[in-house]
Amino acid sequence: MLLKQDKKLLFIGDSVTDCDRAKPHGEGLFQALGNGYVSIVDAFLQSSYPELGIRVVNKGISGNTVRDLKERWTEDVIEQNPDWVSIMIGINDVWRQYDSPLMKEIHVYIDEYKETLTQLVETTKSSAENIILMTPFYIEPNKSDAMRHTMDQYGAEVKKIAEEHGCIFVNTQEAFNEVMKSLYPANIAWDRVHPNTTGHTVLAKAFLRAVEFDWHR
Amino acid sequence: MLLKQDKKLLFIGDSVTDCDRAKPHGEGLFQALGNGYVSIVDAFLQSSYPELGIRVVNKGISGNTVRDLKERWTEDVIEQNPDWVSIMIGINDVWRQYDSPLMKEIHVYIDEYKETLTQLVETTKSSAENIILMTPFYIEPNKSDAMRHTMDQYGAEVKKIAEEHGCIFVNTQEAFNEVMKSLYPANIAWDRVHPNTTGHTVLAKAFLRAVEFDWHR
Amino acid sequence: MLLKQDKKLLFIGDSVTDCDRAKPHGEGLFQALGNGYVSIVDAFLQSSYPELGIRVVNKGISGNTVRDLKERWTEDVIEQNPDWVSIMIGINDVWRQYDSPLMKEIHVYIDEYKETLTQLVETTKSSAENIILMTPFYIEPNKSDAMRHTMDQYGAEVKKIAEEHGCIFVNTQEAFNEVMKSLYPANIAWDRVHPNTTGHTVLAKAFLRAVEFDWHR
Amino acid sequence: MLLKQDKKLLFIGDSVTDCDRAKPHGEGLFQALGNGYVSIVDAFLQSSYPELGIRVVNKGISGNTVRDLKERWTEDVIEQNPDWVSIMIGINDVWRQYDSPLMKEIHVYIDEYKETLTQLVETTKSSAENIILMTPFYIEPNKSDAMRHTMDQYGAEVKKIAEEHGCIFVNTQEAFNEVMKSLYPANIAWDRVHPNTTGHTVLAKAFLRAVEFDWHR
Amino acid sequence: MLLKQDKKLLFIGDSVTDCDRAKPHGEGLFQALGNGYVSIVDAFLQSSYPELGIRVVNKGISGNTVRDLKERWTEDVIEQNPDWVSIMIGINDVWRQYDSPLMKEIHVYIDEYKETLTQLVETTKSSAENIILMTPFYIEPNKSDAMRHTMDQYGAEVKKIAEEHGCIFVNTQEAFNEVMKSLYPANIAWDRVHPNTTGHTVLAKAFLRAVEFDWHR
Amino acid sequence: MLLKQDKKLLFIGDSVTDCDRAKPHGEGLFQALGNGYVSIVDAFLQSSYPELGIRVVNKGISGNTVRDLKERWTEDVIEQNPDWVSIMIGINDVWRQYDSPLMKEIHVYIDEYKETLTQLVETTKSSAENIILMTPFYIEPNKSDAMRHTMDQYGAEVKKIAEEHGCIFVNTQEAFNEVMKSLYPANIAWDRVHPNTTGHTVLAKAFLRAVEFDWHR
Amino acid sequence: MLLKQDKKLLFIGDSVTDCDRAKPHGEGLFQALGNGYVSIVDAFLQSSYPELGIRVVNKGISGNTVRDLKERWTEDVIEQNPDWVSIMIGINDVWRQYDSPLMKEIHVYIDEYKETLTQLVETTKSSAENIILMTPFYIEPNKSDAMRHTMDQYGAEVKKIAEEHGCIFVNTQEAFNEVMKSLYPANIAWDRVHPNTTGHTVLAKAFLRAVEFDWHR
Amino acid sequence: MLLKQDKKLLFIGDSVTDCDRAKPHGEGLFQALGNGYVSIVDAFLQSSYPELGIRVVNKGISGNTVRDLKERWTEDVIEQNPDWVSIMIGINDVWRQYDSPLMKEIHVYIDEYKETLTQLVETTKSSAENIILMTPFYIEPNKSDAMRHTMDQYGAEVKKIAEEHGCIFVNTQEAFNEVMKSLYPANIAWDRVHPNTTGHTVLAKAFLRAVEFDWHR
């Protein structure tokens, strides 16, 4: 597995990452990592590699866009000194364009998204050993759906940034596409965004595969 | 307008009709009609035709399918002696097939749906002067979407039953299709089922037009 | 209709406008506009003219008098850059004189009312395209009732200000007078001030007529 | 004073009597008599005539009409063996005709009111030494107001019954009329029905005068 | 009656005065005067002399001693510009010596009590027309009881101060002594300090008599 | 110590025994014994004689009189098969005579008290090895106080019954008298009945001494 | 994988299985399977084999022993018609012997445990295709610890029953032993019984391995 | 007994000391000392030596380590001017190393522990007459258990500091070891740290013996 002894792995993102994690620290006793994919990833790391002592921190905040991440990046990422940083952002950047179309000042369009995410990656590269970029996603199988279409464009930007900066890339949309061959979206997330445990497991598995987790330990 | 002096108009259906109405009576002081389309219809009837004294009752219950309506029809409809009965049912009949596909015993497939709804209409015709049948709907513009496709089939059955039994017919799906030309579904209902006030107003307008409400009073 | 493509319409007032709207923004998802006439107006605008993208904001605060509006006018109106501003104020200015007659320092008498409202209108005219002035009202049919009499005097001032400054004028008292021919006050508002949905629909219809809303769309 | 050593005085009525009294007993420690006129009457009896040991019980229930009293009369009055019974009923009998005009089955019209109240008085006369009849009231000074007018008719029936059956009569409407010469209704009760402490003191004083309470003890 | 047209009467004291009054204003709608003797006094003034417009304010705060009153005297008394000021303080000054004997720094002994109360009276005399001094009390009939004995000493100081400064004097202890001839303390106050409605009526009557209230209005 | 290996000790009484114990069992995990003297007694037994395995059960119920104990004696005592039964009852039997003097039907006078308690002791003697009778008490040092005087009479009956039936006798009043030489009642119990932890420790010590508990283990 | 198309898998047990699952059905929307190992197993089955449609039901109830399972076996297992039944019971059977040693009537000793579990397995074999027996566990590494020792004995019985009846066997204690080589118990469960997400993942992995789940799908 | 007339005894520590005591003062009416060993110690001092007037203050705060005590020592100890100071700290210093092994920055290792505690003792010696040092403890009988082993090392440091500085020493671990001969840990504390009343009584007895409390008073 890519994660080694005593490393610190920090997750940051929006409500899909947050999942009611403890504020402000995002780690500790009593379900402090929330009840989403971060908690599942941690539980597999701790139970399969208990000897490695990999420390997981969750800094997701519900409703965040990449613009919000930028504002709190120094405090919530840089000052935490993580060895690994995993970023999944963009859902709200897109969603607000579709559920609140008239409030244009809270929309984060693709140019700002791309530029800001690039900037965060560059800022982080010098201090963190590894960066993992997870695409945003929309649990909607129809590629012609307007919001799915936009989300795919944002995901494509994430892929480009990952390639250009040597980040590990996790294509969450593709992972959901796979299960959507058999499962209707309402079976994973009533609003097509906030997954149930099945959906969070899709995310956790995609993440763990990207870090070459050994399932047979 | 079709509704005349001193008539009693009873609405029955699922959560879209219920909207937190007072249980068990479904009428009275203090927002007893809930906060959905039933309340809007009532408010327009009372404010535009205050002299008519049209009495509105809401008997919607969240989660109901047509199978549930059948069980409570005698108590909640027949024994209320309404002059008008408006029925909007079928969303959960379809939705459970998509969000809980493995629990087949709670699915209401189209044959049972059609048969049961027909039976309710026939039971009611002798006592109530008028029956209004509103289609179920799905706030999803893509006709190829699996659940939308099924919902359209259920809606087609409603139309047939209305025609065969001389009921007033309200095509709610069509009404939503119209606004969906400009508004993305997430702007009306996060889960594409439970509408915000804009969506409930779409329903109320479709209803009021069907009863030839005069907007200029 | 007078409201055109992409315009921003801001409502300000007291509890009748507030109706539990989201603080401080007064717009957004999840019933942020409250559950009164502002929400009904918005729902009709969005459902009948979805292509226009008219943005509605609710800045009502319960208990406010015109003196309170003055204090927050810069932040809550001017800095919001609305194209349209709708003001309904005065109920508490009058009511406190009748329910708390001994606390004279919280009464806003007619001279201060007139002067302050005029000042707010003048301040706003340069930036907003249109101002709508709605009278305060009292759901009491007896014109000789002391409080109704005073309220009528305040309403008359609103009319004068509207005429002098070219504002659109909405006579809410007259709208209520019309329905009170058939409905007793307790059927609209137990305290003759805070309307039920029927009463809020009376207000919304009066507003929509004033902006030449087309009910047949 | 008319009330003598060791007598038991039972009050019955609607929400004006109830005032959050302890259910079901309506007496005992910890504000068990509620916070309305019954509690004030009791406090004056206990503090001015502590040696008499007059036992006060409150059996008011919010929302009750005379039809409701009839149903619970055996259990809540006769079986309590009171020496004195004070009845104030009728407000809801009238109010529902005005705030819920379409729900005619819950209205108690004047013939039923008169007949039922008479019947209760007659039933009680054999066991209780004294019956006090208090009129219902409406804190509205305008005698031409429709609901005030109806309430006055009900009050007139109470007076007649009192005279015919030798009951002590308390004209609560007249007591309120007196203070309404100086106080506007909203200063006593926002909904013109549920009095504040000033209003309950008006009731308590009217009651105490009727039983020839000595204020100078 | 001694209180004349348009006068403002301010009460200050501890929990017996406070009784859950609205903070910070201590006047206004909705039981703002609390549910103790202040509210009863107000209700009698408003209902018997409605034409006088006497304004009552309650500035009691639970747990206060005379030392606490001193700290807030400017803000809570002087700046309110009352015409009449009624002070009842001292219960906690004494009680803490008996229920928390080891926490000597929160005890207010008799010299400090006398000196501070005198100072407050002198400060107030120039601005307020009348000052009413009510003794503290202990609902314990046994004069040899240690705490009752101390309370009597504090009450004696109040009497002296009233005489020396021409204040109206209300002997609350004596008023309770009278009813204690017939009622055991537990029937008025479980802890012998916080009275039930009967006990608050004892206080209100003593106050009203001191201001020559006419009970027959 | 008198309590031997594996014995079951059941306490029964009123609120002083109850102290928020778990209902209905009165034993088990998580403070099931409540927070009064029963819990202190148990904690000393378990910590000083852990090897004895003495099982403690709390069957106190707030507000109970001896009349209430009688009604539930079979279920709550006999069917529990205790080896030891400790009874402390009588406070409410007396208190209601003083705080609710007019509700005579809930008073338990001394003849009924004596007779009922005797009957309970006799019923229990055949099955339980030992019975402990604790007197009721009143934390009032003045023997001339009316309620203290009555309580002493009830305590004297307990003593007599204990002597006649060979029960272990615990004089709780005497135990409180001892500490009242130094502590004022309000320092132990605001209402002179419900003790703080100091007061419950007085009770627990008196109990433990009666069963010859060895403090030096 | 051993689980095939359209099979129904029912879990039953105590609080470790329950984990706040929906009562009474134990399946459906909104985290109805609780937040423990059952939910993790389901999420892996749904996300890795979405096409199989395996239906998972959770019938765990907190605090249950095998004696409790027996009482509800017909209703909660047999009448559910599961194809697979997974049983994990015994923790409370043992724990009560250690945390409530004196309440012997709620202890389930090893003979009753063995006999009852055998009986449940035999009852179920005719209707369910497969039975999975999971051992109870204690997250305590010291084999000499009294409770761990007893738990191991109960686990050994489970193993024997599984072998004798051809059930799939899951040794949860062994799975925990493995991670306890690196993790101290307090890092998995504060009370050594109720696991955090890491502990539940240990259980889920042990289960999934027993049914030959393919981790690479 | 070592504690003399009018002395002030202050306890400080973590959650075992805190036990829901009143914040910030930690003394006064209404269970202000919490419900743990501090409250039991106080209750025995007050009930057995009521004439001494020993004042007890509880300054425990849940979760504290010796590092936290240092930060608040001036405010919470020195400025309180206690005559006696009792310190029990170290449980969290050790526990976090075992339940949160990866969060090394919140661990307080033995060198820092020893040094800081020494410093607090030295700071306090000049002002307080007596210091009592209580060891931290772990309710685990197995001395080879890793956390128990560490806790014993911390306890040994406490003993050394007590000897070097002439403090009274209380060996709480030894006191628990004694009862653990008969009681399994789960019978005293589910998490082996937070004791039930039996466990707190173990602590209180150890403390009282150290100050030569006379159990026979």
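Read from first to last, the chains carry the letters A, B, C, D, E, F, G and H; within each, the first residue is number 1.
Quick note on the criterion: contacts are C-beta pairs under 8 Å (C-beta built on N, C-alpha and C of every residue); 3 or more make two chains touch, one makes a residue touch a chain.
Please read these numbers as outputs of a predicted model, since none were measured by experiment.
Path length between chain A and chain G in the touching-chain graph (shortest route): 1. Among the remaining chains, those touching chain F and also chain H are E, G. Listing every chain that touches chain E and chain F alike gives D, H. Homomeric contact chain G/chain H: same residue numbering on both sides for over half of the interface positions.
Centre-to-centre separation between chain F and chain G, using Cα means, comes to 45 Å. Computed centre separation for the pair chain B/chain H is 67 angstrom, with centres defined by C-alpha atoms.
Between the CA-based centres of chain C and chain G the separation comes to 62 Å, rounded to the whole angstrom.
Shown for chain H are the residues in touch with two or more other chains, namely 29, 99-101, 183, 190. Under the contact rule defined at the top, the touching pairs of chains are A-B, A-C, A-G, A-H, B-C, B-D, B-G, C-D, C-E, D-E, D-F, E-F, E-H, F-G, F-H, G-H.
In the complex of the two chains, the chain F residues touching chain G come out as 27-29, 53-55. Across the complex, chain E meets chain D through its residues 29, 31, 33, 35, 39-40, 42-44, 46-48, 50-51, 179, 181-183, 190, 196-202, 205, 215-216.
Against chain C, in their complex, chain D makes its touches with residues 95, 98-101, 142, 144-147, 183-184, 186-187, 190-191. Chain A makes touch with chain C in their complex at residues 99-103.
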